[in-house]
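Next up: some structures, all given as structure tokens.
In what follows, subunit A forms one complex with subunit B and a second complex with subunit C.
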Partner chain A sequence: MNIVETKNLKKFFDSKKGTVKAVNDVSINVLKGETLGVVGESGCGKTTLGRTILRLIEPTSGSVYYNGRDITKLKGEKLRKLRKEMNIVFQDPEGALNPQMTVYDHLNRPLVIHKIVDSEEEKLRRMIDILNTMGLKAEHLIRFPHELSGGQKQRVCIARALCLEPDFIVLDEPTSALDVSVQSKILKLLDKAKKKFNLSYMFISHNINLVRAISDRIAVMYLGKVIEIGDTKEIFQEPKHPYTKALFESVPVPDPDKKVKTPLTGDVPSPVDPPDHCAFAGRCKEMDEAICNRESPDLIEKYGRKIACHKYR
Partner chain B sequence: MAEKVAVGEPLLEIKDLKLEFITEEGTVEALDGVNLTVKKGEIHGLIGETGCGKSVTSLATLGLLDNNARVRGGEILYKGIDLLELKEEELRKGIRGNEISMIFQNPSTSLNPVYDVGNQIRESILLYQTKDKKEASRLVLSELDRVKLPDPEDISTKFPHELSGGMKQRVMIAMMLACQSNLLIADEPTTALDVSIQAQFLKVLKELKEREELSILYITHDMAVVSEICDVVTVMYGGQIAETADVHTLFKNPSHPYAKGLIYSVPGVMQSIDDFETIPGTVPRLISPPSGCRFHPRCEYAKKICQKKKPELEEIEKDHYVACYFWEEVE
Partner chain C sequence: MDDKDEGSFFGTGTETLSEEIEDLKKKETSQAQLVWKRFKRNKLALVGAGILITLIIIAIFAPFIAPHDPYRTNTDRIREDPSWDHPMGTDQVGRDTLSRLIFGTRIALFIGLLIVAVSGSIGVTLGLIAGTYGGWVDEVIMRVVDTFLSFPVLIFALAISVALGTGLYPVIIAVGLIIWTEFARVTRGEVLSVKQETYIESAEAIGENKRNIILRYFLPNILPSIVVVATIQMPAALLYSATLNFLGIGAQPPTPSWGQMVRRGSEFMQFYPYLAIFASLAIVITVLGFNFMGDGLRDALDPVRGGS
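For the complex of A and B:
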């Protein structure tokens, strides 16, 4: 059962240099109750994809389905109601909190806007319950952001996302700005919240070791397209797409016995006016001159996952 | 300072370095007896969480600390000379650049945006290698080639904004090589880079170590990078050294409770979220740091003595140092 599905989703930005095809024809789904990890290098469109799904950015074309309903064209009151059900946590908690507002204010806003609670008493109970889930205490309600550590701030951001009891949360690099020991704490709390509130996550990150540890399925993006998507274990065991392979081989793993053998060469090409053919062809070791420089491969079902590569047609 | 240090011999030795910062809020006891030895031809990882003193240690080595820093004791020996005793001019002329170089996290802020990169590398060459301008221009190309930048002639005419992050970081390395430094201090050099670019960059560093016996003090909080390129690793916590060991020992058999907690909280060491370790509490503020072992308030093995007296670094096996009274109890 899909909680979120995109069909041929595109988001293009106009720039002086040309059209930036940030999300270029992406059709993926997030299953109910799962964590879908989205990985890729910077500029591959993973953040834009997350935001377009949430309608924080308007898609250029294509559609987004939430619980089977097309939400691409929702407006006004209907869109506002939807905001309650899908939420986002950003990378930098510093920038996501208002320095002049206390933790109480941050949690109060969404509750008031969406008229979730009737009495102040119930509201407080709810806030404290969510803070507790996030490992914070009632006393933190009267704190300002500058009185909290980086990890605590991010926990407040997650609490704010949770307080409307959403079903789906986009986590956009939620731990990249944090230290490792704090990161592991946040990941545990996110896992706890997921079980407690029956959540589905889309976890965007460039940290492949991290995504591997926490995702049920994983989607690999390259230059605006999803090039491989499937079960995390299977993909890590045997990556099929040449880019997935090269990416995984380039990533150092925290084990001194395993070293990077053949790092990916070349730079990520610019997403401005990307080629019509396979965008990875220029860096691909298994490139076939006859096809790869001519056509763009579709994302097709193969080996119980989906791959966009001419090798697997 | 022409004398050569043989591979495997100590190049930089920091001994019992104590350092504090005078701030409006009070005295920050940033370093409390730091001991660190970087040998010739090794990549030495310095790891720890934000505020543990990694960067302060490296800046102190180059004499680049702010005016409010006070050294309270200890010495920083480079080829046997105490850098803390040197005057600013001696540091500038004799140490920075031609002996020790440093690269930072964000290469964009280290390069001058209004000169092409060839120009900037040439400047180092003219200072340290030759006075002949033609010869210098030729050397620029060979330095760029040494860091595996494709088409050096083209790259040397490019301005920083025309290069990718990874290329810029390699230009920084080329500048360092042009100075003919023996020790490179790299402070989170790949944090701003993508994985594929990071892999290329790390490969260049490894090759320089192998080929040219370059020593590197590599500061990072990325354990995967540490396991990839470091030979020896030192773990810092709250301005103190917790553990120093070769990279295999540290990852397989961490002996300090903090080092253990740190390594077992890294995704990839632990394959599933249920196995992640978390360290209770938060990093201490160093204005009034915990007494004794600064990790004791968060440590499950802590006993009374840990509050009273700071444990000294003890060599528990060859080249494996731990500052903990109860390391034998740590599983």
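For the complex of A and C:
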């Protein structure tokens, strides 16, 4: 059962140099109760995909389904109602909180907007409970963002996303701005929240190990397209797409004797007017002259997962 | 899933809750208290506030403070040097300078506050609209601003004042028409930069509507900048109206106004400088008071800059 599904989703931006195809024909789904990891290099469109799904930015074309319902054309009040059910945690906790609002205000606004609670007592109870669950105390309610540490800010952001008891949350690199000890705490909290709420996550990250640890399924993106998607264990055991292979190999191993591999050479092509053929062809070790420089591969079912590569046709 | 008993997140560790809430209520300081706390730390700002409060008290109680009737002429005692009877001397028709300065406070503050309040609200509103909606709305509003900016200030104000006749209100309208543009420009610019912040996107993500985003996110975050503009424009308004007054537009004699007094005093500056000096001092002190207080207020309104 899909909680979120996109069909041929596209998001293009106009720039002076040309059209930036940030999300180019992406069709993916997030199952109820699962964590879908989205990985890829910087600028591959992961973040844009997450924001477009939440309708924080307007898709250029294609559609987004939430619980089977097309939400691509929702506007105004109807769209705002939907905000109760899906939310987002941003990468940068420093910027995600209004410097002029206390923690109380940040948790209060969603509850007021969606008329969740009736009495002030109940509201405070709820706020303090969620703060406690996030490892914060009631006294933090009267704090301003600049009085909190980075980790505490991110906890507040997560608390804000959770206080409406949503069903689906986009986690846009929620830990990349935090140091490692805080990272693991935040991940544990996210996991705890997921189990209690029966949440579904879309976990966007460039940290392969992190995604491996937290996701049920993984989608690998390259230049605005999903090139491989499937079960985490299977993909890690046997990556099929040449890019996925290279990406996984490039993860550093903490062993000084091991040579650092540089399986990827060259640069990601510019997302401004990307090539019509396979975008990875220029860097691909298994490139087939006959087809890879001519046609763009479709994302097709193969080996129990989906792959977009001419090698697996 | 939304049943409270099954899988509700919110049911742990609530024993001490009411105590905690009581504690919190005691500790909580209101926004106003916080601003005051930060403001207090800036000594110069306190001086500025002191000056302004004194001026306001003087304006309100002018009839009780002034030693003489500001309108009573005495041709036997014109341009007298400062003495115990006339601490700041007398003017060209023998009126007491101190009393006239005291009554002039009323007009100065009234004009300054009214101009800034009116042009500030217009400018900020239009700036918010331009910044929030962008596109052709922005284009139209900013072109109007450019048009007003391209007028030479004093000549424009003179023309307006002459067209609308003499008195206080033409001056208020003329100066107001000049300084609203600064409010609009700064507000728009600030909105454009705040708009890029992630917390605006967060606000959309929790379902805030446009009106609340403007009122709860844009406005509080650009308020410090608006305060700065107001405190720059307030003395500017005072100076403009004093200048217009000096040129003979605005409050007409015998109404005591600082600009008029500087004008009269400058006519016989060489042999009797007291009138011009004391009237100018009054203007300078007022302008400084606004500047000092504005600086402190800006820092106090910004929780990041002002510290806690």
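Note that the second predicted complex is superposed on the first by the 303 of 313 C-alpha atoms of A that agree within 3 Å, B and C clash if a C-alpha of one lies under 4 Å from a C-alpha of the other, contacts with A are read in each partner's own complex, and residues count from 1 in each chain.
Keep in mind that, in the parts below, a residue touches a chain if its C-beta (ideal position, glycine included) is under 8 Å from a C-beta of that chain, and two chains touch if they have at least 3 such contacts.
For clarity, every value in this text was computed on a predicted model and none was experimentally measured.
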Fit-or-clash call for subunit B and subunit C when the two complexes are aligned on subunit A: fit
Subunit B versus subunit C as contact partner of A:Ala213, first or second or both or neither: first
Touched partner set for A:Asp191, first subunit B, second subunit C, both or neither: first
First (subunit B), second (subunit C), both or neither touched by A:Pro254: first
Touching partner for A:Ile88 - first (subunit B), second (subunit C), both, neither: second
Touching partner for A:Pro110 - first (subunit B), second (subunit C), both, neither: second
Touching partner for A:Thr265 - first (subunit B), second (subunit C), both, neither: first
Vertex subunit A; arms to subunit B and subunit C (CA centroids, nearest 10 degrees): 80
Touching partner for A:Glu41 - first (subunit B), second (subunit C), both, neither: first
Superposed arrangement (fit on chain A Cα atoms) - minimum subunit B/subunit C Cα distance in Å: 12
Set of subunit A residues, in rising order, touched by both subunit B and subunit C: none
Residues of subunit A defined as touching subunit B within the complex: 41-42, 149-151, 179-185, 187-188, 191, 206-210, 212-214, 246-247, 250-260, 263-268
Subunit A contact footprint on subunit C (complex, rising order): 1-2, 7-14, 17, 20-21, 23-24, 27-29, 197-199, 201-209, 212, 216-217, 220-221, 302-304, 308
Contacting residues of subunit B [partner subunit A, same complex]: 49-50, 164, 166-167, 194-200, 202-203, 221-229, 247-248, 251, 261-263, 265-273, 276-279, 282-283
Touch list for subunit A against partner subunit C, complex: 51, 54, 56, 80-81, 83-84, 87-88, 90, 92, 95-101, 109-110, 113-114, 121, 124-126, 128-130, 132-133, 138-139, 141-142, 144, 146-147, 157, 160-162, 164-165, 167, 193, 196-198
